[in-house]
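As written, the chains take the letters A, B, C, D, E and F, and residue 1 is the first residue of each chain.
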Amino acid sequence: MIEHFPVLIIAVGLLGAFFTPIIGLIRKELCSPWASLITLLQFLISIFLLYQVLAAGNISYWLGGWQPPWGIEYAIDILNAFVLVLVAGVCFSVSIYAKKSLGFEVPGKELPLYTLYILLSTGMLGIVVTGDIFNLYVFLEIGSLAAYALIAVGDRQSLMASFNYMIMGTISASFILLGIGYLYVMTGTLNMADLSERLPELYGRPVILVALALLVVGLSIKTALFPLHTWLPDAYTHAPSAVSAMLAGTFTKVGIYALIRVMFTVISPEYVIETVPVMNILSWVAAAGIVAGSVLAIAQYDIKRMLAYSSVSQIGYIILGVSMANKLAMTGGILHILSHSLMKVGLFMVAGAIIYRTGIRNIYQLKGMGKKMPFTMAAFVIGALSMIGIPPTIGFASKFYLAWGALEAENWVFVAVILLSSLLTAVYFWRIFENVYFGVHEHEEIKKDEVPLSMLLPILIFAAITLLLGLFASLPIGVIEHWVTGVLP
Amino acid sequence: MDNITSFSPALAVLASLVGAIMILVFRKQPNIREGVSLAAGISKFLIIATMIPAVMEGRLIELRLWDVLPGLPIMFRVDAFGLLFGLIASFLWIFTTLYSIGYMRTQKEHAQTRYFFCFAIALSSTIGVAFSANLFTLFIFYEILTISTYPLVVHIETPEAMRAGRKYLLYLLTAGVFFLFSILAVYHYTGTTDFAFGGILEGKGIPENMLKLLFVTFMIGSAKAAFMPLHSWLPSAMIAPTPVSALLHAVAVVKVGVFTATRIILYVFGIDVMKETGLALAMAYVAAFTIIVASLFALTHDNLKKRLAYSTISQLSYIILGVVMLTPSGITGGMLHILNHAFMKITLFFCAGAIIVAAGKEKISEMNGIGKQMPLTMLAFTLGALGMAGTPATAGFVSKWFLLIGSVEIGQIPLLLVLLASTFLNVAYFFPVIINAFFKRPDKELSYREAPLFMLIPLILTGIFSIILGILPDEPLAMVRIAVANLMGGK
Amino acid sequence: MIWTVDLVMLLLVLVLAIASIMTRDLLEATVLFAGFSFMMAVIWVEMNSVDVAFTEAAVGAGVSTILLVAAIACTRRYEEERS
Amino acid sequence: MIQDIIFAKYNYIIYITLMTIGFYGMIGKRNLIKKLIGMSIFQYSIFLFYISAADVSGGTAPILLKEPAVYVNPLPHVLILTAIVVAVSTLAVGLSLAIRIHREFGTLDEDKIIELS
Amino acid sequence: MRRYLAVLSCALFWAILVYGVPDLPDLGDPDAPSHKHVVPEYIEGSYKEAGVTNIVTAILANYRGYDTLGETTVIFTAGITVMLLIRRKWK
Amino acid sequence: MKPEPETNDIILRTGASIMVPLILLWGLYVLIHGALGPGGGFQAGVILAAGFILYTAAFGLGETKKILTMKRVLLLASTGLLIYAGVGVLAIISGGSFLEYGVLPLGHSPAESSKYGIEMVEVGIGLTVMAIMVSIFYDIAFNGE
């Protein structure tokens, strides 16, 4: 059975999703535990896969028993496994959180919601695990469709947000499809490993450049890289909180994963770094995104919208790290995938918890929340501090590596952007701290009113992991460095 | 010189951290909560005190915990300098806790649990800074200190306090960013962030301009030390409750800044580099400038706490001035002044707080005749003020004496003059308080008495200590001498 | 020359696409779009991809059109004028 | 060069033009259903690209014959079958969103919806 | 304004894509790289390995059967989505 | 496409009652024929769905729902995919990898069992596509009633 784990992580999800309607028709209350069970299984398998990759090297699984490039291959290296654990972990934790949160925000629709939830999780895992570029597209679509649907069940404006996301998402997916088509037409293969062998002789041809541009733009839309982020703030603001949390922690990260995969596995680093300055362009765009995202976040007063713009900025960090393309920055970028997931999922869950208890979204109305929901807000503080990059949190570790990488590249602008934008981050989070904990000095007693345990527990766990991994950041860094050393010359 | 591995440094840091958690647990029972706070303070001091013998033998106590980032461990190394600072901070924490209990209860302040909790965390990180063996560890505690003191600064939660808090954060977080950059650069160039007696930047082929830039960013990074262009957070932060001003803004936070700056100057850059690049002299003049200008500012403020704040800014620069003289006497004077200033300044702040609590007065001009009502308080204040001015037989005199010698040694007469001038300025801004208190008649009948015992006893004790340190400076001096010997021998 | 036929059909597809984007009547646009799909299917048959053409005929000209018409039926038929 | 493009690669020009039309429909039109039609045209143009790239002059449809023959490339057909399904799924999702939007806001015009929300 | 922006970006888009065109294989070119790699083995094995004469079906359901599972899942997702979004009476 | 069966005239109804079985038959033919010529599960599913849609158009939603309740539609969709994924899992149980039809105990040779595997999978696709198409049509055409 063990050798089938790469496909089981997807098969479990698919079977789980197909069973959900049956279960839901029997008793709809069972849907949520079922989704938790399925995502838990996926999470466990992903941990095992990571362990296996670290212990025994890369895994290749031939679907249908066909040897690649004829069949579809699941190729798992450290990066895949790392992102798998991350995505599956987030999906699992949020599924526990979602029971109350979704039940409150979207009552009575458990059956389709959790079916789509599992499909979204599986779609994302499918993107990550695959070694076939067309298969990536297919799973991207599964995930995207589920995401559109889940976003659309939020408040009234969520419909339009979802529609715009769908338009952008379709453009993105079509670009990716077209890029895949170009690569296929020029090489005759769809397997990533095979592509990377056949592409080098074509470097320098305009068509490869166009294909690269299409793929990069397409994936950048999925990733919400500034200035293609326009779908993200609306979608995250108006989606149900659990969905915002999940998407913020996973989908954009999966997009980044795909970007890294295309850049560094399908197309070789030499090409994107030296032959064509794709990385250089991307890094400047990302730097602009960091600043723009932060500034826009400062301008927001809706807590979820602020977090969404903060995501735009943080995604800039990740892309900047990856696109500086030296070992340190790359390590920092990939580590920031992890840290941003942890922080942002936690923060969105807190936002959801606040909405669940009080319905407040305006950050200037959060007065006294620190007394009302002490644990939730403590988790928020940890997440936000990590976002700012205060040690000893995981956010600090990744920013440290990013800045170090920029220093290594001797690009002082990037050093300044990375370091100084944490101040901007501090500005928009500090407004919340002031309101939550200090604000107007009132002597009235505020009664403690925490969210239910099933919501509180994931929040606290994320906060704890943010802190713990910050203290033991060498663990993830060791894993990532292992991969980065193998990829970059 | 062999090093000892021991868990004591970590225990010292943990003591107040555990205390902080206990404080949260017992938030509903004020007595137990404050008892915990006090117990944590005492045990912390005792733990640190146990390290004295080993250090006095000239040995280092080391503890390497895990690697937070690959190659960048959390590591403690207790040397004489660090231990001295740790001792001061933890010793004074005991008094401040006592004082806080009195202050907070008398004023019926809100959110006392938060107050004691943050205080404990802040102390924990102060000790962490004192014992850090490398820049990285130091930075972690440095940032935690910034964050944990913020709630203390804005404790009263008025809009004005919030504004001050923002200013505080703006300065210190920006400083943190510059500090982080500097650490990164050091690590990038040298591959280590460990402190070493001769400095670590020498002979690494770093261009001189880069060195100078690094020095500047480092000094911006230690903005906690309130050098002159970066000082304005400190007077604003005086909006905090007085115990906070006393311990944190006179002892812990600003001293952490100065301590950090000293560590950087002596243990990262090293004496040779500082000398060769001429950075030492430049810094000396920045410090001299700060001494004079801050004293002048102090003269203009009628608010006692503000005046004390500017006095702090000025006195801190004594320390830096001493350190950048780079001679044994100068460094001795500087390091000793960390100790002496701590005791004197905390006394002064305690007195200011006592006046606020007992008389409700903050302005110097309103303090006429206060000495008759609160004789003990004002006596302690006078002792502190005399020390500040460097009157012989007070603590201030000892350190100032070494500074004067140092300035002569390096042959910088302007610095000597600055030191002398500042003495007069000190007199000029402290004596009006004393004169008002003792010799001026109040406009109307005064009805208040001494502050509660909880507050009175600590301030008397610290006042007495600041005299004892002046009369019997041998013990601390011995410790400082070891630190200086290490530095000079490390060449 | 087979490519002329090809080209003419492709141009027809283009014209249908433009027309379907330009018209203000959504139902008309749908019908034009169905024509577009159908022409596409024809082109694909001509390009020897029978399976795709079959699917396209069923989906593009069939299901998509039905769905579009159904959606227009329960929303509105005309694009709104610029306000 | 230009002749080469017109005579041997006109399919690509057509697909690109078609794609641009669809793109315009998606971003230039305000009516949601129009946008969806544009989106479909956009996707179809990509299918056209794949299928035309699969064509082999003189080839036959990829269904095995008794005697050996030249077949057109079947793999893009497979991919496009998948992609067509994806396209129709997206269309269905988009239409359902449009219907919901109409239900909530009473209009399908993007600007008016933004005004109303 | 919006219309001009749209037209402008369309033109840009068109130009970028056309830039790659001269490099693409000719229409119907039997020597295009995509016809030479991978696909010949499919045509070869369609009957021998998969047991069907329709090569498209062979690839669709066998060689790349997993993609088709994904494809069917996509349509399943769409169905559930439409249910979720517009069904009023949800039991 | 309005749910008003009363207004539909007799011609449509009679036509539909003749057409629908033919369409369904054709759909089944396409489903089976997929291995040999053009066609396959997806196309068959669409055609079958078209049959039901025509039936609905002629006889109204209420009539169709007697045959295909929403519950059944959903179950059909799930079942189709479960068949598909089940074949994949079966292949794992039979000792191959996921969706490796060759190892299924269906025929004498790998090619033969592969053929049957493909047929099963096509049936699964057909069921799902039909069910989902019908469901989407119901929802969109009747505005979620």
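The working rule: a residue touches a chain if its C-beta (ideal position, glycine included) is under 8 Å from a C-beta of that chain, and two chains touch if they have at least 3 such contacts.
As the structure is a computational prediction, the values presented were derived from the model and not from experiment.
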Quick check for the class: compute each chain's Cα centroid; which one is farthest from the centroid of subunit F?
B
Would you kindly say which chain has the C-alpha centre located farthest from the C-alpha centre of subunit C?
B
Closest chain to the protein CA centroid?
A
Approximate Å spacing (C-alpha centroids) for the pair subunit E, subunit F
22
Measuring from the mean C-alpha position of subunit A to the mean C-alpha position of subunit D, what distance in angstrom results?
29
Could you put a whole-Å number on the gap between the CA centroids of subunit C and subunit D?
10
How many Å are there between the centre of subunit B and the centre of subunit E, using C-alpha atoms for each centre?
68
Residues of subunit A touching 2+ other chains?
14, 18, 21, 63-64, 134, 138, 141, 145, 148-149, 152, 184-185, 190
Give me the residues of subunit C that touch two or more other chains.
3, 50-51, 55, 59, 63, 67, 70-71, 74
Mark out which residues of subunit D touch at least two other chains, giving numbers and ranges.
10-11, 17, 23-24, 27, 52-56, 59, 61-63, 75-77, 79, 81-82, 85-86, 88-90, 92-93, 95-100, 103
Complex contact set, residues of subunit D against subunit F:
61, 63, 81, 85, 92, 95-96, 99, 103
Applying the document's contact rule, which stretches of subunit D touch subunit E when the two form their complex?
1, 4-5, 8-13, 16-17, 19-20, 23-24, 27-28, 52-59, 62-64, 70-71, 73-79, 81-82, 85-86, 88-90, 92-93, 96-97, 99-100, 103
Subunit E partner contacts - residues on subunit F that touch it in the complex:
34-38, 40-42, 74, 77, 80-81, 84-85, 88, 98-99, 101-102, 107, 109-115, 117-118, 121-122, 124-125, 128-129, 131-132, 135-136, 139-140, 143-145
Touching residues of subunit A toward subunit B in the complex: what are they?
385, 388, 390-392, 397, 400-401, 403-404, 407-408, 415, 419-420, 422-423, 426, 430, 434, 437-441, 443, 470-474, 477-478, 481
Contacts from subunit C onto subunit D in the complex sit at residues 3, 6-7, 10-11, 13-14, 17-18, 20-21, 26, 29-30, 33, 36-37, 40, 43-44, 47-52, 55-56, 59-60, 63-64, 67-68, 70-72, 74-76, 79-80, 83
